[in-house]
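In what follows, chain A forms one complex with chain B and a second complex with chain C.
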Partner chain A sequence: MREETRREAVWQFLTYAFVLLGAVVTLVPLYWIVVASTLKESEFLSSTAPRLLPGDSFLSNFQALQARDNVQFVGHPGEMTQYIEIGPLYVAYDVWHLWDLGAMGSSVFVAVVYTLLSLVLCSMAGFAFAKYEFRFKQPLFYAILATLILPIQLLVIPLFLLMAQLDLTNSYWAIILPWAANPLGIFLMRQNMQSIPDALLESARMDGATEFQLYYKIALPTMKSSLAALAIILFLFQWNLFLFPLVVLEQGKYTIPVAINQLVGAQRVYYDQIMVAATLSIVPIFLLFLVLQKQFVSGILAGSVKE
Partner chain B sequence: MATRDSLSPFETAPRDRLRYLRQALSRRLPNAGEGIVGYLFLLPALTLFGVFLAFPILYTFYLSFFRFQGVSDETLLWIDTGLFTYELTSIAELQFVGLQNYVTLLSDGLFHQALFNTTFILVVQVPLMVVLALLFAVALDASFVRFKGIFRTVLALPVSANLVAYATVFLLMMQDAGLVNYLLRSVGLPAIPWLTSSFWSRMTIVGAVTWRWTGYNMIILLAGLQNVPQQLYEAAEIDGANRWEKFRYVTVPQLRPVLLFVFVTSTIGTFKLFSEPVIINGGGAPLDSTITIVQYIYQTAFVNFRLGYASALTYVLIAVVSVLSIVQLRIGGANSA
Partner chain C sequence: MSGITLDTVRKEFSTGDEQIVAVDDVDLEVRDGEFLVLVGPSGCGKTTTLRCIAGLEDVTSGHVRFGEEDVTGLRARERDVAMVFQNYALYPHMDVRTNLGFGLKLSTQLSSAEIDDQVEDVASMLGIEDLLDQKPKELSGGQQQRVALGRAIIRDPAAFLMDEPLSNLDAKLRAEMRTELQTLQHELDVTTVYVTHDQTEAMTMGDRIAVMNDGRLQQVGTPEAVYRTPVNEFVAKFIGSPSINLFDATVERTGDTAVERTGGDGSVGQTSDGSVSQTSDGSVSQTSDGSVRLDGVGDFDYVLSDPTPVADHESVRVGIRPEDVTLADEGTTVETNVLEPMGNENFLYAQLGDQEMTARIDPSARPAPGDPVTFTVPESAVYLFDPETGEALKTKTDEAAPPGTGDQPTNRVDGVAE
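After this line comes the complex of A and B, so read on.
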């Protein structure tokens, strides 16, 4: 018996050691991103003795990053040149130039607009597939289902030609519209909305609700947790997009991945500045992850459950 | 009648089949108005789906039989209704070359190199990551482990890292004078040319991808573990199974569908690898030893502007990924059934 408890203790120790090691290895790169962003390049890129603790160069690194002329990483007030004079007030009407979004702002803006637009489109389409009968319903649904197997990020060549044709190159719409009708989103919404009882919709109809009210006032509120999980999937999908933004966006509209690629591909690579950029782009999402962990996890699981 | 949830109505018995057809007919006829509502809800999604997904899928295939000669706006169709004019222009100037693009890729050394690199990364990285993810999941599922929530959170943290941003820290850590070599030297080991030797530069990609995705797969496996019936473990214990036997004969077989799913999605992910090699190894340095398929497609299409040939490459890749996805859907189906 004592032999057994001792083996159990050894086993528990090994398990803890393994998990702890994993946690440390996971945290080291994160720690290093943040710490390197507060140091001078010579302090952390040193084969003899790199400095392992935070320094105080973050601000100067940040200013150097902001001073670069090929990449605007964090936005700043733009030139408000377009005014209308209304009595004593000057009103800027060219809202787009009020603020230069920078790569951070562009990424957040694009990801938020994409997520909202896609949530609306996917939930409407899912509602139609789950709760209505119409001609060609099955073939249409199968067609959408079939594209689930395709890596939709890879269709860049025709999309590029299409965007050139539609005059949408170097526009945020070019990286929002192509995947707004996200097949996975439509599929998940349809699956979940099938659980809405028909009787509920029917009784609302009796009470004189319009079809759109059924969607807006009954279907959407009951789908809150599914929508939250889908929102995470969509947000991260857009947030991580690199290939097509790289192809289609030009200077001034760069999202974070494209901006960082510019920094890395420059003739002289300033690692201190790159680490500031990485810190700024990674840390906010980490904090969001800590707060919304449950939704992240259910998003991952929802994305992994294809019927 | 209740809405049928089954995707294919024809798995039923012949008599039910007939009844289903009759009901489908009678359902369609009197409620013609309802059909329109369905379409109205579907219209926005369907429009975007058609223009930006269905069309590109077909057009890539079409392009793969042509040589691209430049963007064009030649008018194909011009309708002037008086109220509005409609102009349809051609997208590109193309020269038909038949199957030549597909023949070319059979003897394209760089494509073969990209295929080899991707396969190499795949063979090393996917098993390594799946085993690690499984071990972490099993460890965090053990009843005696405390602070489970904290460990899980930390291990899953990379899930939220931007794909490109996280790659930069590997670029930094793996420099000759970087953190990893410093740590190696300080324990008396020789420094490793992580970014300049072709073998180690692939290993750097392996390490980076493993760091990014192990936690993600751990979450999926952890959810799978929670569905393993506790009685199976108890029965195994009564039969005198030790820890390893319980893992080998209960956990792994019970997790099989989930494990297969993780394997297949990770494999697909490797075929789509792009951000990491671009950031960490620039254009596939050293000497194209890390260039991946997607990266090669990108170069062919948008650096060399051989869009037709790149379309053929894309279709080869799409074929590979599609087959894998079908396997994945099969497994997923077996999983939920």
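After this line comes the complex of A and C, so read on.
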């Protein structure tokens, strides 16, 4: 073997080893959560021989979680019929007063609505900032970016007061609306939409498109992969939101992070139930990524070839 | 279908504190069904002018009319014009069929079946039926170009606007598309404004060409007229390939003797006496036979038999088209720098004083670098320009197409006047 080839092989080995180490460090906690959710607390918290292989206690852990009276993790569908009977007004009523969605349902509902709403707002704002000229465009944009430095902790009290004034406390809207125009999302969409050639939009204008059609029929479809990426970011952002939901929501509307927090009791921490809840909370994210992954990857590849 | 009129159209851009005049009070009339080529160097305002016609830019002042209708205040989509962009601007997420039908879908009430019929028609006209289900990124440059054209044609607009549509194609394809575009335009008989910086495209494609520079319209006319009788030095330099040789010359009014020594054929004077005339007083009064000598760079020394164009000038800019140069025994002698044999003709790059000149010469003549070459130019082919204003004092006067008409083909191999 020549000296150079050997050195190359060594480098390659080191590179792979490093990447592998990274993967292990990332995946082990995840694995631990999933495995722990299938074990009895005594098995995985054992200080002498913690078990690292899956057991068969998942269902019993889940039942214990469901049986708690301060948390309803997965809602009881039977109890929802009373609202469905109200008819078409149900949905509107629902948003304010739906009670028994359970933490899982609440989180999914809020994250989905938030993601859709925010995608629309962010892409519209991003389109405007990227492709239109208007007064105070730069200062406005920087002002929006500047809001990124405000931590949620700082906003909790003023936001709560605002929501109280709007009569939105203990409503899902209280955790959807404040972040609907997500500054990070606006920034991302603006950056990506700047890559839309002006000629493309002008071409559509010549073809008779209105300004809204430019956004809807040209900008959005060409931005599919960016939208997919942003959707994941927004969904995760809402999914992980903890402090403000804790403050503004009441027990029946708890989202998953808040619900899990309730499992940390004064006398006892229910690790087995926490592990089940955490495992279940990963599932929707996992599904979302599976669905959007194709867009994600195709978007990455589309940019790599000459068009 | 209608003509297009630009009435003192002005477009200013402001970048910070600076006002840039991109289009400077342009008056232009494009006749109904005409193929007008707007040509000029980059940054001359030709594209901005086109965009003003399209409605993609608001004009600062002036009016744009289609036929009788004033469209100045209308938006692009209300103007009934179609535009082909330099980079084609096909919608990347739609297949060719949808790309072609997009305009009809947005601007008409046609059913999708009717739109589909028209798409098929246009596709077969352009020979792209097989590509209808492909995405733009799967097409070659030439195919994309056709789709872009089809997208304009299908709308059956009052006018086509084309912004350097061929500049992204390779040379061979460009030549092909050039003729194809012309044929298509003649068939459809739609008023067309075509922007290019390529003077070959301008010369070969336009019914008329409009030369722009610095936001101002320099000259409008048939390609022949602009080539033969440019209004100023800029137009002369811009139109014609290889471009015209230009240099300074002083005007010297001489007596009969000088004329006799040059042979009296209105041709170029040889050097031996050139030095004499340079040292002599340049204000020798004009004699009865009226000839005038031009003393230029290097060896250039030329007797004009008709002094009228230079009557009020002490110096002029002389312009000689490379194709008007003929090698001769007597005339101006220059030193060969490079010879480019093209097969049917040779391009000679030679040193004339401190500048290089280009000449198109017979393929049989093959001077080696360093060789002296003597050439002559018929007086009818000499261009003279005012050195200050650049205005043309004299242009071609040989018998070919009279300026202003474009019915006869350009006789580029000149010298026929002799």
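The rule is short, and it goes like this: the second predicted complex is superposed on the first by the 220 of 307 C-alpha atoms of A that agree within 3 Å, B and C clash if a C-alpha of one lies under 4 Å from a C-alpha of the other, contacts with A are read in each partner's own complex, and residues count from 1 in each chain.
Throughout what follows, a contact is a pair of C-beta atoms (placed from the backbone, for glycine too) under 8 Å apart; a residue touches a chain by one contact, two chains touch by 3 or more.
These figures come from a predicted structure and were not determined experimentally.
In the superposition on chain A, A:Asp207 contacts chain C only, with no contact to chain B. In the overlay built on the shared chain, the residue A:Thr222 is in contact with chain C alone; chain B does not reach it. In the superposed model, A:Ile260 makes contact with chain B only, not with chain C. When the two structures are aligned on the shared chain, A:Leu249 is found in touch with neither chain B nor chain C.
In the superposed model, A:Trp32 lies in contact with chain B only, and not with chain C. More residues of chain A lie in touch with B than with the remaining chain of the pair chain B and chain C.
Once the two complexes are overlaid on the shared chain, A:Gln165 sits against chain B while remaining clear of chain C. Of the two partner chains placed around the shared chain by superposition, chain B is the only one that A:Phe127 touches, whereas chain C remains out of contact.
Look at A:Ile157: by the touch rule set out above, it reaches chain B but stays clear of chain C. In the superposition on the C-alpha atoms of chain A, the part of chain A touched by chain B in one complex and by chain C in the other spans residues 305, 307. In the complex of the two chains, the chain B residues touching chain A come out as 2-3, 5, 7, 27-28, 31, 34-42, 44-49, 51-57, 59-60, 63, 71, 73, 89, 91-92, 132, 135-136, 139-140, 142, 144-145, 151, 153-166, 168-173, 175-179, 181-182, 185, 191, 211, 214-216, 219-220, 223, 243, 261, 265, 268, 271-272, 274-275, 278-279, 282, 294, 297-298, 301-302, 307, 310-311, 314, 317-318, 321-322, 325-326, 328-329, 332-333, 335-336. Those residues of chain C lying in contact with chain A across their complex are 54, 56, 75-77, 81-83, 85-87, 89-94, 102-103, 106-107, 136-137, 151, 155. The residues of chain A lying in touch with chain B in their complex are 11-12, 15-16, 18-19, 22-23, 25-30, 32-33, 36, 44-47, 49-50, 120-122, 124-125, 127-135, 137-138, 140-144, 147-162, 164-165, 177-181, 183, 186, 194, 198, 211, 215, 236, 239-240, 242-243, 246-247, 256-257, 260-261, 264-265, 271, 274-275, 277-278, 281-282, 285-286, 288-290, 293, 296-297, 300-301, 304-307.
Against chain C, in their complex, chain A makes its touches with residues 197, 199-200, 202-210, 213, 218, 221-222, 224, 302, 305, 307.
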